[in-house]
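First the structure, in the form of structure tokens, and then the observations on it.
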Amino acid sequence: MDAWPIALAILLPVATALLAYIFRIRAARVLAVVVMAAGLMVSALALAGRGSFTYTPESVLGLPIDTLITILDLALLGYLVWIGLSMRRLSVVLLAGLQLAGLGYLEFWLRGSTPAVLPAEPAMVIDRLAVTMNLIISGVGSLVVLFALPYMDEFERRQKAMKTRQPRFFLFLLLFLGAMNGLVFSNNLLWLYFFWEATTFSSFMLITHTGAREALANGLRALWMNLLGGLAFVLALIFLARNAHIVSLRALAGWPLAGWPGWRGLPPIGSSPDLLLLPMGLLCFAAFTKAAQFPFQTWLTGAMVAPTPVSALLHSSTMVKAAVYLIIRLAPAFRGTTLGILVAVIGGFTFMAASTTAIGQANGKRVLAYSTIANLGLIIAMAGINTPQALSAALLIIIFHAISKALLFICVGTIEHGIRTRDIEEMEGLFYKMPMTTIITVVAMTSMMLPPFGVLIGKWLAIEASVRFPLLLPFVVLGSALTVVFWSKWLGRILTVSYHRKFRLEKLPLLISASMLVLAAAVVVASFGIASVFDFLAAPVVRGQFGIAGVVTPRADLATGMGEFIPWPIFLLIVLVLLAIPISFSRVKPADIRPPYLCGENAGEKPGTSFYSARDEINLTRTGNYYVTGVFGEASINRWAYPIAVGLLLLMIGVIKP
Amino acid sequence: MGFISTARVKSPWIMHFETGSCNGCAIEVFAALTPVYDLERFGILNTGNPKHADIMLVTGCVSFRAGRVLRNLYHQMPGPKAVVAIGVCALTGGIFHDCYNLAPGVDKVIPVDVYVPGCAARPEAIIAGTVMALDRLAGKAGPPNIAPGEPRRGLEEGRVVEIAPGNSDK
Amino acid sequence: MIGRTIATYGISPLWVTLATVVAAPAIGGLLTGIDRKLTARLQNRVGPPIWQPFHDLVKLWSKERITVNQVQLLYVYAHLFLMIASLVGLMLGQDLLMIFFIFAFSSVSLILGGFSVRSPYSRIGSQREIMQLMAYEPVLVLMAIGIYLATGSFFVHEIITSGNPLLYSLPLVFAAYAVILVVKLRKSPFDLSTAVHHVHQEVVKGLLTEYSGPYLGLIELANWYELVFLLALGGLFWATSLWGALLAAAVLFLFQVVVDTVSARVTWAWMLKFVWTVGLGLAAINIVWLYM
Amino acid sequence: MFEMLRTVMQNLFSRPATRLYPKEQREPFPSARGHIESVIENCIFCGLCQKRCPADCIVVDRAGKDWNLDPYRCIICGVCVEVCPTKAIVMSTYFRKPARMREPLTYHQEERGRPPKAKPGQDPGEAKDQM
Amino acid sequence: MPGRTVIPFGPQHPVFPEPLQLRLTMEEERVIDAVPALGYMHRGIEQLAQTKDYAQNVFLMERVCGICSFMHALCYCQSVESLLGIEAPPRARFMRTIQAELGRLQSHYLWLGLVADACGFESLFMQAWRNREMIMDCQEAVSGSRVTISTCAIGGCRRDWDDGVLQELTRRLDDVERSMDAIAPVFFEDPLVKQRTVGAGIITKQEATLLGAVGPVARASGIVEDMRRLGYAAYDELDFKPVVETSCDSYARMIVRLRETFQAINLIRQALKKMPAGEVLNKWKGTPEGEAISRVEQPRGELMYYIRSNGGKNPERLRIRTPTLSNIPSLVKMLKGSRLSDVPVIALSIDSCISCTER
Amino acid sequence: MIDNVVPVTRETLLAEAQRLADGGQRLISATAIDQGEYLEILYHFDKDLKLTHLKLEVKPGEEVPSISRVYFCAFIPENELKDLFGINISNIVIDYQGKFFLEDEAPRTPLLKSKPPEQGDPREVAR
């Protein structure tokens, strides 16, 4: 059977989730998760090995899948309404209720009164874009889940939880994996919508996992913001069904707007293409909420209260990627329209604003969150302008950001458990406490901002792609310059090596070090072989849309018509420098090590860190990082970022008004 | 002179530390850097940082606290290094040799290469002394002078104080 | 420029690389010497001989090798090698943006070197250097974009061979570049992160405080490469003729020397404000003009 | 900045203010206090200089006919020159040159009229003829 | 939360010519606490003075501070003179005035150079110090020594000047004034210098009184306080008005000192014109008894000597209150809330002289 | 030779200082003189070039209240007195505990002619 990898990708996590929830034994859970991870990777590789194909499952256990999904959808929304009621949150009740109503309208009234969905459209389309996403979800996602196993043990030990809540935790975490795989395979918009809401739901359940007051508040905020997007989604669905009889993503994306000779798709059915602007805009709006674009960024930063695997999986590498995935899918349709430019500008603005805000953050996870938001913004911006190079940039950033950011979250989670804080200020001298974690963190951070790593090459491509878009350009330029700032500050802090101390490797659980090492290796290998990665994953997508690749790989590098990035000489240089480590270590003798300059007043046992001051007291010297909260603090950024972001959104709504 | 010695002699970077004289010599050291005397024409830079310095110019009669600092600074200079004691205070304590808070003479704390007498030493004398100290950098000088007697105490333990804002008001 | 020579005569990149690696420090050292001599004369002093920087370098290399920790050397090597790499990239006519990114990596490794020790001065210097990085990086990228808009390519070898001198179409970008040149060379009024020569700084020597002897020598060497790199970049603005390129570089060089002598140091907040308004503003105006 | 620009430009085109010290030496002011020297043959070992010296750098050994001076403690105030009844101490206008060792000087009066002999260290004398 | 930074600022620091430590606690670069640590230059001159006789003490007091050494000698001599009940001859009083003002000039030029250096304005430092060298030549011409000039004695001056010296002085003063005219506008108007000094280290008039500020610090805060109005030496016969500014910041302190340099040149010219001929030293005998206070206006502010004698060979108690000692509390106040980059400028703006302070 | 001397006691010192502060007087300094039996402390004030002095006599080891709450600037001369004479001054705003000028190696209370009181040494108390 053709479809076993698909079934495996969606159903295996769901089944494992239920197993983990029912059988509350740790060993069983570990075994199940490990088996699942292996299965997911096998399925992902199997899918990657095949060409594009479509697939329409008919029924599961005798139930027609359409019906099953409708039932589950309604149940999910109903449950969300109940959550809103029990938590006394009007906005949640209202938004979920409205969706429920809209969905009911769509399913029961509209379906009866309009012609059926075109039978030619398959429910699932597995093309290279879906494969890419699937690889990320199944590969990176599995590693994060594996990391979660020992992490949650330690987490609960530190929370001093009386009763373990891990079964519940893994239930939602794994359900989410399945939903995510379903989302990227779905072509039927109703299915897509279901999986979309399922990710919203599991995100909420995971954010509120600890049940603490702050977690509940932040979870509810995430919920209502995502539900707002869901409502937009439903509205778009109703509109499409009513006016265009389209419930397929491929058909929707195939619509040429503004006279562009579009994708070889289906002919329009009885309506003007301009009408599609509205659902298109609504779907983009839904994607903005899910991708936490300004002004919706607060839910993602708030979601950082969740245990770190959640942040790593949901809020950096996969769930938020669902949003940019949707926009990339829609991009062919609105290319060259004002809507496209506005999407690009909103994304670009978020890129810049989030990068700016990250400078003012001292909390490690919040920095990661803002960096995630920024990168999503950049991807959306690239999707918005949607030229061959821009699309290539978007895809490269999706891939490399997912790996690097998941690795970073894992590192920060490990660090947090090692030193009991996620405050960057406290991470000084980390190298002595956790040398391995530190080195891997350094690799991950470097890969986020410096050549020759993938994310930076993506940014390079993004800058070259946006050269012809003056409205977007300033944001991209400023954002990429600011990115270096917060990463270097953090890097500097953890790389501080104190005066005269011995260190040894820390002991980490096997699964943690394994997932870290695998991801770190993936970062380096993928960056080194960026040409192959591009050729295999991104180029077919670009070629599928444009017929040309836009970026070629002549010398194991990336070349556009206007520029070229050759990463391997830089790798060579880095290796050369790394070779100097043993030399430098062997040449430095203990007598050569002198305390740092403290105006001559070095004091104490460790003359490197303390000095004599008034009354001959010995003071510890320390240096805090600069956050310049007066300029880069959230409050000061939001003062100008909110009005601009809201203005841009209003502008977008103004443009899509039918 | 070899290639390296030439470079060392042509590029002596200095730092200055004042250990408690009347400032006269300290200001004359500064004066030697200014256009009228311009030490930089010998390649001399006033780095103000022991880690970059080749020659330390010491003025003043070395109070106990300053002696502690002086020793640290000397330790932090990379070799080959030279010390020039400037002014009679730095040499023997001068008029202050009887004061209670001094270990008069720089050579009681760190080895000294050149003594520049004067009260205050003139900029010309400082230049001459610095030039004389170049022999040490070129590797031609004999061992530097250390005053006989007990070595001064080095770094020692003390109370560690965490800084809280405004703890000066306690 | 050498890049054009390759484009025209097809000289092997290996020779270009070798020539760059060897010739750049000689030129950079000499320019540094001229800088110091000229500064001294502007201050009514005699000043050091112009080959003084070479004495300094040899002396630094012959000094005792002392460090604060074992890894300091690593950052210096990274800084130096990447600096050479960006210069070689420029000479080989590579993608300007890529060159800038490598250049940024080089600066970041120096910053990390400053951070790697627990010395407050070194780390404050590094923090300030980050602020400087933040100030000049967007201007550099905008400059690359302006050059692309004027010539249609990011490749240096194509920029050189394309028609008119860039100065005609990018005069304001050239002015913006002159501003960030001062920032990048850490000359007064923007000598915030470290002190050049005998300037006395509140952060002592900033991020170079803890580097001494041979390590400092390597950084000095990297500074020479950097000087040549930045001036060559300035020469790009009139790259159609060799004399034009030299003139543009000379103008920039003299500009920064004179500015250095006639200004006081500013605070980093002011620097950021100034570079982002004046530098970015000038570049942006020029680019908007190119779009129109 | 422009005020300064004018000044530095003037500087560029005028001669540097630098005195090229070792190469060119300025004649000291006639009243300059460089260092003190003993004309030991005039000394009557009255001990007035020792008594009035603020820095206690002169020790007069009447019995041994030694006049001891620690030039590295002398603050060159000139009091001894003023109080000396026989003008046996004179003020030179040249500064005392730097030295590698610091040892007190001893002037010994062999017999009146004989030239002085310094021991054990050589009198470093004047800087002028050294550089 | 921004991290807190604790650094030692000094004792050995490139911007401080003297050892003074400030323990700075900062948030980013904003100073929230500054604690001065002294004792690097304490010698114990007050104790040493009790072991030396009155004439020797003149030379000791000169070496309290090398920059304003003449003022210390003058103040000490005045206090002993008032114990003895004698006065310096008129010519000596004018000579003292001229030397006091010369000292003020060189001290202020020195300071202007240092503050330019602290602002990172290297060429201005060089220019200020080049001008200072002209004053140093004047000092050397009149006294034979550049720094500790040793011309003051109890009862007058040690040595008279001939006409050649006076002509030399007049000629050199013209040179100084000319070259100072060239760089004074830089201090007054240069936008970058102003940017560094205006608004830095504000201390209001009320604060200044309570903090005991003296000299240019007090005068920059609008307090008319100048010990020269006491009329010691020949100041009662000269025409001058204390220089007062009201903007209370480092800029005002800079301007006060700058204007005082021109005032000093003017005062020297006046004194040269009015200087009578005659004796310069009144001989004195015996041992003084009782207690006396003498105050003079040093370049840094009010200097006070309290002397008590019980008729012995040596003073029983000699108390030196130097101006910097009084200005350090103001410094502590000023530093709080300032930026790290302004710390050198502010610390110098009180013209700290640590060797005075600690004696 | 000096006039305007107001004798005060340890009890009235603060009130007198406050009175002078209210009158706009500026604190110049404080001077201690060792008189053998007792220590004489003179506080010098100035207003419009006119001097006022407060004169306090204390026995060795007696506690003297600090006027640094009234005049912040008094902390410097008071710390100095503590260092050089070993006077037990309490409640100084910034108390250097006898290590203002002198560090451990220096002689204690160098300006005191008699032997310093054993219990009153601030540096010992601080330990």
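Labels A, B, C, D, E and F are assigned to the chains in the order they are written; within every chain, residues are numbered from 1.
Going forward, contacts are C-beta pairs under 8 Å (C-beta built on N, C-alpha and C of every residue); 3 or more make two chains touch, one makes a residue touch a chain.
All values derive from a computational prediction rather than experimental measurement.
**Student:** Going by the contact rule set out at the top, which chains touch both chain A and chain B?
**Tutor:** C, E, F
**Student:** Write out the two chains that share the greatest number of C-beta pairs in contact.
**Tutor:** A-C
**Student:** From the centre of chain D, which other chain's Cα mean sits the farthest off?
**Tutor:** When every chain centre is compared against chain D, the largest gap points to A.
**Student:** If I average the C-alpha coordinates per chain and also across every protein chain shown, which chain's average lies closest to the global one?
**Tutor:** Here the chain at the core of the arrangement is C.
**Student:** With chain centres defined as C-alpha means, what is the inter-centre distance between chain B and chain D in Å?
**Tutor:** So the centroids are 23 Å from each other.
**Student:** Taking each chain's centre as the mean of its CA atoms, how far is chain B from chain F in angstrom?
**Tutor:** 36
**Student:** What is the distance, in whole Å, between the centres of chain D and chain E, each centre taken as the mean of its C-alpha atoms?
**Tutor:** Comparing mean C-alpha positions, chain E is 28 Å from chain D.
**Student:** Please list all residues of chain D that touch 2 or more other chains.
**Tutor:** Residues 1, 4, 8, 16-18, 20, 54-55, 75-77 of chain D each touch two or more of the other chains.
**Student:** Residues of chain E that touch two or more other chains: which are they?
**Tutor:** 4-9, 11-15, 23, 29, 35, 39, 42, 44, 47, 59-60, 63, 123-124, 126-127, 130, 133, 148, 190, 192, 358
**Student:** Name the residues of chain A that each touch 2 or more other chains.
**Tutor:** Within chain A, the residues that touch at least two other chains are 594-595, 597-601, 612, 614-616, 619-623, 625-626.
**Student:** Chain pairs in touch?
**Tutor:** Between chains, contact exists in these pairs: A-B, A-C, A-E, A-F, B-C, B-D, B-E, B-F, C-D, C-E, D-E, E-F.
**Student:** For the complex, which residues does chain A have touching chain B?
**Tutor:** The contact residues of chain A facing chain B are 594-595, 597, 599-605, 607, 610, 612, 616-620.
**Student:** Where on chain C is chain E touching in the complex?
**Tutor:** 39, 42-45, 120-121, 124, 188-189, 191-192, 195, 198-204, 261-268, 270
**Student:** Can you check the complex and tell me which residues of chain A touch chain E?
**Tutor:** Residues of chain A touching chain E: 362, 423, 425, 598-601, 611-615, 619-629.
**Student:** Give the list of chain E residues in touch with chain D in this complex.
**Tutor:** Chain E reaches chain D through residues 52, 55-57, 59-60, 63, 123-124, 127, 130, 133, 140-141, 143-145, 148, 150, 158-159, 182-183, 185-186, 189-192.
**Student:** Contact residues on chain E for chain B in the complex?
**Tutor:** 4, 6, 11-15, 17-19, 23, 25, 32-33, 35, 39-45, 47-48, 51, 59-60, 62-67, 69, 110, 113, 125-127, 129-130, 132-133, 136, 146-148, 353-355, 358
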